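Consider the two complexes below, in which subunit A is the common component and subunit B and subunit C are the respective partners.
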Partner chain A sequence: QIHYLAGLLIEFQNMKCVLPGANVKLFAKAIHCLAKLGHYVYFEPLDTGLALKTVNSSRSAYVSILFMKPLFQVYNAGSDIDLTVDDDNLPITRCKVALKTLLQVFKSLANIERSVETCDIDLDGDECRLVFQLKCKHGITKTHHLTFQECESLQAIFAKDLSPNVLKCDHKVLSDVVINFSSSLEEITMLVSPCKVVLRSYSDDESDEIAQLMKTEVSLNPEEFSQYQIGVDTDVTFCLKDVRAILAFCEVAAMPVNIHFEVGGKPIIFSLGHNGYFRANFVIATIATDKNSQHSNATANFTTNTTFPTTNKRSFVKPSRSKVAPKPLRKVSAQKTNAKPQPTKLPQPKDCDSINSEHDVSPEIPLQGGEQTNATRYEGFNSPSPKQPCFKNVKTVFFAATQPNDLDRTVLVLAPDSDNEDGT
Partner chain B sequence: MRFRAKVVNIDCIHHFTNVVNTISKLLKKCSIRLTKEKMFFILPDQVANGGVSMWCELKQANFFDEYQMDGVNKNELNEIYLEIVAENLCRAIKSANNAKSLKIKLTKKQVPCLTVEIELPSLSSTARIVTHDIPVSVIPSALWGEYQEPEMPDFHVSLCLPPLKTVKHIVERLKNLSSYLTLSGNQEGDFALKVETELVSATTRFSDLEIPPYDPDGDSQAPSKLWPPSEMASARIDVKKLLQFLAGQQINPYKVICNIVDQSAVHFFLVHDDISLQYFIPVVAV
Partner chain C sequence: MGLLTLQNQTEDDDFALNACIENARNVTHILKAVHFKDTATVFATENGLKVTVEDSKCIQGNAFIQDQVFQEYSIRDEALTFQINLDILLECLNIFGSNNSTTTMRMMYNGYGTPLVLMLEEDGAVTDCSIRTMEAEETLDFEFTAANVVNKIIMKADCLREAFNEMDASSEVLQITMSPDPPHFRLATFGLLGQSHQDIPKNSDMVEYFECNETLTNRYRLNLLKPSVKAVNLACKVCVRVDHRGFLSLQHMIKNENGQICFVEYYCCPDEEFDEPAT
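Right, the complex of A and B next:
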């Protein structure tokens, strides 16, 4: 442990980047968006840029925003230490900071737009502080020292590019639609078919009380989308509040939004990107319904195990099975500071999938398991003791993270197992 | 029972939106009465409302391009009475801010609903359609008697209020001093708003206000002849209710007539081309 910690401390010394004024507003708005969803922002300096990630407490929403190198005046991920890593996307230093605190630094967007000239972000390993220095007009410098916590890598497992359904549109189209729904509405259902998209207010109960609530429905013509690909006619239900937070961010980012989804139970992904500069993925869990579990069986490309029908209609995506830690191909947990990367293969059930770094183009395939008791079942973030059964009836983890104390479970990549579709 | 109405003109849509917004500021649950000629929004006098009541009627022809109403039966009961949560209607109509058309119809989903269907401009050839299903309850004809136009009481004083904005401003300041406010006026055009507590008494006076003309043949009622013209009739009312009435105003009437029944009630009458709105506030017991 100590060695490990010491190893981490050494690594933490060198991250340093400087954001020019023009991009600080985008950065600040990203923080605002993250703050609406999660409690901590995970900073992961990658070679390609600085990734900000968060996940909400119910593990049903995950955000990853990557500010790439060209956005910075100075960008140094701190790659001085040779970490026995051979792939350039491996996060070298990782820390998480409380969003409530960080929000104080970037509180007023108007102020930031008006007066901030540059923003320096430095990871001070000695003092264990993440330092934000805002150099403003008139010679004013505001320096904020935030304590951080070392943390595991936060990585969701999702298969964006394998989604049969892809919609792409201007964020305004979505904002204009969403505004018609009551601000207190929790969840929304999106029904797609080749001829139209319908967004409908969702109520999970057919009781009398619910029948008394106003129901709203908006329909859109496929022509409103710059890309409209529906591979599977379906309906997906997800949290509207999360989507509102995403759309608020899109307003500043001013980029078209891509929506990737499949069926209920599989996550819906909203993504924005500007090649080479910026990439954002917002992964939101959707409600699984019984009929959808048969649906996913049909898709040949997925080796997700769906033979164990989701017994709980209401639960969101099921926790992924343990062994497969979300590691990029050929990569190893950075916590292993004392050894060469040795992908260890743990015995596991047949359905395991390859996972890639989410910011690469190739997809990761989510693992979905039913409620089986399996000694090595994974419980997401809260580092699991293998004995705990994972019965999460509500929105659950659909991705996994590597943890410092998971060293013995680090693993890797497995080729998709194609003969597992019917559970044999 | 069938009801279907459509508005295409954006000004009419805005006008209707203003009426609905004003109504929803005044009450939570509202009754809607539909007849062949008119649409009424009613809040009957009930203890639950603190004795406050409201009556608003508009001529459907002034708002709707299409209007079809088939009541309970074709004879004496050719009307429809519904009860709705005003805020829902308000929220639904909000979507129509720049609509191409607004349709309202009575439908039966899981429960009877007033369905508001709005056509919005879109980037494509087909418009975006927003549909809101607002649950309503149908009021049986046996209870229709409770929803009749309130009788105008024999009021003592009748005068036209100064601009509502001004009155609202003053009442907003006065409300910080006390929960009760005394409204008083006389037939010579004097009007006062007074708040009195142990420590302080604050009064705002207006004079030379217009007295609404009394037309013996028309609808307006004459103020009581027995009341001396210079004598102030007053009524002590709940300031919150007064403020609710003043603050929610979006109709822009050209006149607001205030009738005071001494020690009994205050009655506001908004005069407008297309709409008439009446609001009663009873006095608060001392």
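Right, the complex of A and C next:
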């Protein structure tokens, strides 16, 4: 009797959840989307639901999708035990799985939609396997025991509620815009002002003839957006491929998408969600330009004050708006110089992989803005030395306390989210 | 087609094998189901053609095209055997492209040492092909007899197709378990990324016939079995049989465009464990 109970207890501590067929498609699509952005998915069973997170190798994109309890038929997060305690007997509550593996489970979206009735997800701590069991029509079951790695919580630091600029629109509005851009285009720039939003192709490489030959620009009126709040006139440049992946996911979720952003160099956050069911945050790095470093000095209190309770948001946003009010004047001149790639730009390090260089920060920040910019960027930010390669600057756009020498470490211990984004 | 019929009246008796089909696609499809090696051995008897393809002395695919599939079929001798390059044969059959119009085909062979002559006609355009034949080598005999079959399941091809197409390609082997007890029919793979298995219970709508006498688990090289996916993709039903030695037979029932039923059969040897004591 006692043995039986003990067994039951251990089983109880492992994560176990059952996703009904109707929601498997959303889950599968989330996996497909994550696979486009990162290499590993972090499974974090929380009290509120199952969180899937990923970060790309250059750490310029971070995704967190939370599937809340009501989406599941059965949901048992397992007991959350501090993994820093070094005890092998403790059950594993978090893990990361290669997305390539997980795609194997959710390979064909058409098949999943057609035949899957339920999807069981179990974290088998004894066998060290993450088990996916798809129960399909005709009594067929597909079971996948996937290898995983233990990991610590992955958490990016961002505070979307404090963003001065908020746009909300139907995902279709953005999909229709994005489809116009060349598929080889790496980045796009979004310029916002109180009267319109302009999306234009971005290229910082003058030698790239194709990029120089064709430039695409699409303007959107504020009427296209259900929420249109521009606190700071600005332009942000970010990876188009990431946006495409996000929009593909939004299509299945069929929900409006919120965009929170500040200035270049600060992350842009795409979010969507259905109250009480699921929530997704996509944090994408933006390219920091010279003038943006000035911006970030001017708007430093957005970030340095992130410890303020979010209830202060309104009173907080207002003064900063008035503060940045004279910006447009300065911006005009800044934009003119920005129209051409920075002549002072240093050659990029050759060893940056393509993803890194995509989100390359121009070295002016560490050289000119220096410590001030870095120090004001995010709380807990360890200001890197000005001489370190530029991609490290990007890496630390979201993640606090990463040492310059632990580039290879993917496991991160990070400060708690100021946005309460895990819905506690 | 008119031309081919005309030819027929003058040359009919001159050939050891003379077959004519109005829709060459019916032949092409079946041949594609065994097209995993370039060289194929063709056996012609009065009942039709059997095309055999082998690989690594471990797997054999047989496509049967019975005489009824052809509009005309005549054979002079009792049996003819020759080897042919299947790649070239399929290319010739597809010479007018794979559009919707039908190609009429006449196939002629005049015995040992002569080429296989194909005449293809589509919308009045005629192509003559002459493909060199080769000396027929002996094909494998798997000694797979119905009497030795231990387990047999007939199922709709849909579920096997899905299973094969979703299979973890990083796995070296496919483990097939057939059992009178649950899980009845299990396909398992062991890849770099983990272990996956798919179960089909005997009471599933997909299973049409279930006769398993004992639990047998055998492993087959996945890269050897891979070609059979081509057949599964075309099939409407598949019969899976395993004999007492673990040899696997997959019989695919393929319906052609005229609604006739043809069979493609695959035989595969099980993967032997290396550490098994030698007897």
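Throughout what follows, the second predicted complex is superposed on the first by the 271 of 424 C-alpha atoms of A that agree within 3 Å, B and C clash if a C-alpha of one lies under 4 Å from a C-alpha of the other, contacts with A are read in each partner's own complex, and residues count from 1 in each chain.
The working rule: a residue touches a chain if its C-beta (ideal position, glycine included) is under 8 Å from a C-beta of that chain, and two chains touch if they have at least 3 such contacts.
What you are looking at is a predicted structure, and each value in this text was computed from that prediction instead of being measured.
Of the two partner chains placed around the shared chain by superposition, subunit C is the only one that A:Ser108 touches, whereas subunit B remains out of contact. Of the two partner chains placed by superposition, only subunit B is touched by A:Glu224; subunit C is not.
By the touch criterion defined above, A:Lys215 lies against subunit B but remains apart from subunit C after alignment on the C-alpha atoms of chain A. Residue contacts after overlaying the shared chain place A:Gly139 against subunit C, while subunit B stays out of touching range. In the superposed pair of complexes, A:Gln73 makes contact with neither subunit B nor subunit C.
Contacts of A:Gln149 after superposition on the shared chain: neither subunit B nor subunit C is touched. Of the two partner chains, subunit B is the only one touched by A:Ser182; subunit C is not. Of the two partner chains placed by the overlay, neither subunit B nor subunit C lies in contact with A:Ser57.
Listed in rising order, the residues of subunit C touching subunit A in the complex are 159, 162, 165-166, 168, 191, 193-201, 203-206.
Taken in their complex, subunit A has these residues touching subunit C: 98, 100-101, 104-105, 107-108, 111, 115, 129, 138-147. Here subunit A touches subunit B in the complex through residues 173, 176-177, 179-180, 182, 206, 211-224, going by the rule given at the top. Across the complex, subunit A is touched by residues 85, 88, 91-92, 95, 109-111, 120, 122-126, 128-135 of subunit B.
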